[in-house]
Amino acid sequence: MPRPASPVVATPVLRLTGLGWSVRGVPIVEDVSFSVGEGEFIAFIGPNGAGKTSLFNLISGICPASAGSLELDGADITAESVHARARRGLGRTFQTSSLWPATTVADHVRLAAQAAAGPRASYRIWRRADRYADQVAETLARTELAHRADTPASALSHGEKRKLELAVLLVSDPRLILLDEPMAGVSAEEVPALTELIRSVHRDLGRTVLMVEHHMDVLLGLADRVAVMHHGTLLALDTPDAVMADATVQQAYLGEAL
Amino acid sequence: GTAGTNAADGGGAKSPVKVGLVYSRTGPLAAYGKQYLEGFKAGLSYATKGSGAVDGHRIEIEEQDDAGDPAKAVSAAKDLIGKGHKILAGSTASGVALQVGPIAAQNKVLFISGPAAADKVTGLNKYTFRSGRQSYQDIRTAASFIGDAKGSKVTVLAQDNAFGQANVAAVKAVLGAQGATVDAVLAPPSATDLTPFATQARTAKPDLLFVAWAGDTSAALWTALNQQDVFAETKVVTGLDLAASYPLFGPAGEKISFLNHYFGGAAGTPVEKAMDEAVTAAGGKSDIFTPDGFTAAQLIVHAVEANHGSADDTSALVKALEGWSFDGVKGRTTVRAEDHALLQPMFQVKLTGNGAAARPSVARTLTADEVAPPVTPMAG
Amino acid sequence: MPAAALLSVRDLRVVIDGLHILHGVDLDVAPTGVTALLGRNGAGKTTTVKAVMGLVPRTGSVRFAGTELVSLPTHLVVRQGIGYAPEDRGIFAGLTVAENLRLAERDRDAEPAYHLVHELFPELKQRAGQLAGTLSGGQQQMVAIGRTLLNRNRLIIADEPTKGLAPKIVAEVADVLARAAEAVPVLLVEQNLALVRRLAGTCAVLADGRTAHRGDTAELLADEDAARRLLGVGGRRPGPPAVTEEVNP
Amino acid sequence: MDTVVLLSCTGLGLGALYFLVASGLSLIFGLMDVLNFAHGALLSVGAYATWWAGTEAGLSFWLAVPFGTLVGTAAAVLLELFLIRPLYSRPRDQILATVGVGLAVPALLMGVWGADARPFPQPALLSGTWHVLGATVPVNRFVLVAAAGLLLLALRLFLARTRYGLIVRAGVEDRAMVTALGIDVRRAFTLVFAIGGAAAALGGALGGLYFGSVNPGQGTGLLIFAFVVVVMGGMGSVTGAAVASVCVGLVQQFANYYTTAGLGDLSVVVLLAVLLLVRPRGLTGRLA
Amino acid sequence: MHGSLRWWPIALLILLLVIPYSALPVPGLLDGPLGSPGSLQLIALCLLYGALATGYDLLLGRTGLLSFGHALYFATGLYATNLGMLELGLPFAAAAAFGVACAVALALLLGSVSLRVTGIGFSMVTLAFAQAGSILVQRNPGGITGGEEGRSAPAGRLPSALLGIENTANLYWIALAYLVLTLAAVHWAVGSPIGRVWQGIKENERRVEVLGLRPYGYKLVAFVLAGALAAVGGVVYLLLTGGATPQAATSDATLSLLVMVVLGGSGTRWGPLLGGVLYTWAGHRLGDLANSAAVADLPAVLRVPLSQPLFLLGGLFVAVVYLLPGGLARLPARIRAARSVRSARSAGPVGATGARPTGGSPA
């Protein structure tokens, strides 16, 4: 499938303007600006400590921006809290999987579905909680977790945890998805399936995706554009081919192949 | 006389009189509870002349521990009443007495409160009596230290809690009425550093400083009063508690004028002698609240005797006790009919010696009338 | 070859909470160079290493340079001269980088080899005062490896030292390990087969809590069938559960 | 004027007492993450041991205090060995076990020596007063302040100059990993607990001096203020606890005296609530 | 086996319903026969505390909030109801409604303040507020609380069916009704959408936020609901003990609730109830054991500690924490697990030497 060499950003889903974050005067993310178009897939690469996770924390609101601004669908969300941003349709996963250890797989998805129905739905103390059965079943089937529905998260294998993170994300049907190293620690044999799942979310559902990943072969097959981060700044944002050919990237990130 | 011999004959056959004791066997007031129980046993044996029975009806005692907690006391009282006890006694703590009293009234059983000193127990209801003294009698004993109160200045040093507030009110009522100016230095009950309050008491320069203090900080208080040199210019009066507390006054002990409910050997009456012998024989030692137990037993035996060994009719028991006057441990003792106050002598006491060597001696005995509390209308 | 092994593990078994995790692992670590421990996710590599260190209850025999380790508590195992970089890095998040390193100083008589660590990872010198919990994943890995290089160890055990590292750092870590292995033998647990191919002379492969294969690394990786069968490269199969994941964001 | 001086001096003395009580708690909480509800029991053990040595056994006060501290330390070591250590993998249960000990030990003391306060030995040297700017201040307040200062210094030196502070802090995060660095972490934990216990017992012994008496509930009664001080100081910062102790002591002393109803402890409670709402990490801002 | 297990709550309820009509003696467990007033009073107290612990576990075990100030709401319900009758002259029912309303308002106010901090900070702020309440009650402001002596409930304003020993059964019914109410409320809430959010908050609060839910509001609901249940408990307590005493407001009271919950098993359906019942029963009966002739005859080394009920209680608690992690409610599961291990062990090969790990669970 041919990809546009330089996608036209018609309706930016996300726009960052001069975004920065520093801790006790030390800049961690500095002056990052870019726009993400509807349905786009951007992969982030960069050396360890470049600020990729920190950038995701800024976008999802876990860290407060100390400079610049952030727009989601044209609305300024710079000062909004984590949950307010999530309600606008921003979903994310974490670099180390972040789940409720004693909660079952199905209940994870159910709570996510409930949360997606708005905060009011969760206050309905007079209702029963066993709703959203269709959504849960569908999502579990899509992520191939149906056979683990009643297993608590702590008993899942690493790959399954990664899938469950995606399931929790998918059921709330976010507009914008942030994935932080979804392949880390996943064994070689599980990588293709997980890649396929992410691809289908992006391509079949048309979701906008930002992803941090060190597995080059994975991201080259997925991304429309690749962003390179270095020392907290955005070094380059271009098509995969162009980025891979860039000498600075070669030197700062990839190094010579093993 | 004859009743006693009859009892010996048919003792086993007649239905026993069940008396329930709800008192602090454990908890913070356990020492008082122990004295009370020893006194009660001595009193029972004294009043029944060693038979443990009235008119052939054995007096059976069932003890329950309240650990100083009113909720536990209420449960225990209900348990005892449910098991058919018509007479309850005990209540080491005022909080317990004030909670158990209404239960007794609701169930129409006789309740004889023990060492609990709260004035509110007097006149609480028709079924509640007391076998000890009340705060008001303490205050009147304190008042006796200044001969003519008119124009004199009295300061009350107390903790800002129910006990302290009640003492301030009582001093105002007693000495204020006699023309004294009364003011108060109130310290928070939780305050541990009492030096500033001691200086406050000194700068007030009263003729009489009445200290109403209970609890764990008393040693700190007396040290502070001594260090701030309060005794040089002021007569200091306070209550003398159980023997174990004498050393806590430290060097101040000899400079204080004590009012006292009772200490072992204070009264010098034949009844006291009987009590002391019985308590000593049982391995105990007479102390401040031993007479309260002794008197409770006397009251119970008298009420049951008046009803020929039956405790079934509570009103008759009450009637028998109201207005009864008898020779108690401390001397002539009267149950006032109107509000069930127990009129009894009180003591002015001096301590001689320091620390563990401190010994009390009676300076003056006040008659029951001299220290009688005012009549409170019966509440219910 | 096995006769001269530095570390030799025989019939190692581990049961946790009633779950049998290792059913008899045999393993020899050569007295020089890198020995690789391979296997699919959940095969029991990490558990084997932890059992050697005494971090999980174990039975069987673990002989290290003539000493039986199986009844020793962990700190005495380490004092035999074993440096350990665990899978999840074992960083003390609330301590600074410098404190993390200082904690690892062990030898009373020898100077800790800070020069070596700082030469390999200059970042750690710059970030000495930073709380280790705020380091990026790769920086944490540097601390973990740095700690094993600080003391004069007779064996280094590294459990997936390149997990989560940028390709460039992976290459650098490979260099570090290669250099370290010149002086100290290394037992390396690794998913990255390219790295294994480059470093490891001999290897052992675990499957389902047992040793499935032992031998020369190059031979194994050259034999495509065996590689697929033992390492699952290319094949597809759901992995067994892994319980040891942390859950904080 | 002299009232203010008196209140300041005695407030400092009270603060010193709070610090003596809280320092061990803070150390144990800060390093080991154990909220030690048995700390009050350790105080009482120290106080009773000192009292026993000073009266029943007839030792001089200057020998009784070290004896009491020693007994308290031994009690702390036993507590650590038999209760805290087996529960390291269950931090919440550790707290609960100490709650149980905190209930049982005062009850035991009450069973043996009765519920009533016992007069505490007061050496003549310390029972006098000093005149400071017109105020008559008891000497033992200065003794408390000096002891608290020395203790603060000693604890800071221990934490800064030895590896133990580091080991225990790391051990709280991940015990297994500390052992995997070749360190016998259990010994370090026991040592820290013993030091905390020693501080508590010393606090108990000097508290007896302060109150002039000992009773079984004394330690537990002080515990709540010790908690307040530890939290205000920033959860386990010993220096923070010292600052907070002084603040609490002074505020309480002045508020007790100048407000009509004696609002000392209420003002402390309000102070704590406000501080936590404004600075959730306490004065020194260590981990919350 | 599981079929029969599902029915035991109903069987238990039926048992509880017939107790007042039974004269069965249960020597050792109770002092008198089952239906006697003393036993009914004790069982009612046990049920009351079982319910209180269940309500408290809504915070501790279900939402992960360690509050040290729960007794404040219990005491507010207790005192406000009593004062409603004594000072405002309200009839009992109105006073009870007033008391619960006061507690709910207070929980709403203090909860919204203290939930602004998390972790041990939250525990300490709640402790501080409860301590302030306790001090206030003891201080006897304006003479209305009665200070350390407390105040007894005005018999005149209470329905006559609740007075007197012969009506102890009615108090028992009220306590039982309160228990059923609490269990129903807690179980219903936990099974509702908000209960699912609570569980999420307990296990990983940040993760809940990332889903778009603000934990604060949900925690506040839990706090107020638990406070309201505690307040109703306070009203029941007033009826059972006939008065309001300051012991109810102390931090020790909260600590006892904590002990009960842990004893039974926090976060489990029946654990807190079990813990509350056992703790209360032991608190009353251990005194009898401590004072029994068997103890009195022991040598002093044993007699002195054993005659202190609080020592026994503290020791018992330590033993439970030590030997029964997860509380009594998890005991059956643990036994089952132990059994399966033993059978697995005897089937599988047995290793020659064993070594215990030095650390706790590997990180």
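Which chain is which? They are A, B, C, D and E, in the order written, and residues in each are numbered from 1.
One rule holds for everything that comes next: a residue touches a chain if its C-beta (ideal position, glycine included) is under 8 Å from a C-beta of that chain, and two chains touch if they have at least 3 such contacts.
Here's who's who by UniProt: A, C = ABC transporter ATP-binding protein; D, E = Branched-chain amino acid ABC transporter permease.
From a predicted model like this one, the values you see are computed outputs, not experimental measurements.
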If a chain touches subunit A and subunit B alike, it appears here: E
Identity of the chain that, by mean CA position, is farthest from subunit D: A
Separation of mean Cα positions, subunit E and subunit B [Å, integer]: 36
Subunit A and subunit C, separation of their C-alpha mean positions in angstrom: 30
Centre-to-centre distance between subunit D and subunit A (centres being mean Cα positions), rounded to whole Å: 49
Per-residue overlap in subunit D, given as positions that touch at least 2 other chains: 110, 174, 176-180, 185, 261, 265
Subunit B residues counted as touching two or more neighbouring chains: 26, 160, 188, 190
Where subunit A touches two or more other chains at once, by residue number: 62, 98-101
Subunit B-facing residues of subunit E, complex: 31-32, 36-42, 45, 135, 138-140, 143, 146-153, 155-156, 163-165, 168, 237, 240-243, 245, 247-248, 284, 287-288, 290-291, 307-310
Residue ranges of subunit D touching subunit E (in the complex, touch as defined): 35, 83, 86-90, 93, 96-97, 99-108, 110-112, 174-180, 185-186, 224, 227-228, 231, 235, 261, 265-266, 269-270, 272-273, 276-277, 280-281, 288
Interface residues, subunit C side, partner subunit D - complex: 53-55, 73-75, 78-79, 84, 86, 90, 92-95, 99-100, 102-104, 106, 147, 151
Subunit E partner contacts - residues on subunit B that touch it in the complex: 25-26, 63, 65, 67, 69-72, 74-76, 78-83, 94-95, 98-99, 101-103, 105-107, 118, 120, 160-163, 165, 188-190, 380
Residues of subunit D defined as touching subunit B within the complex: 3, 6-7, 10-11, 13-14, 17, 110, 114-120, 122, 127-129, 135-138, 210-213, 215, 217-218, 221, 252-253, 256-257, 261-265
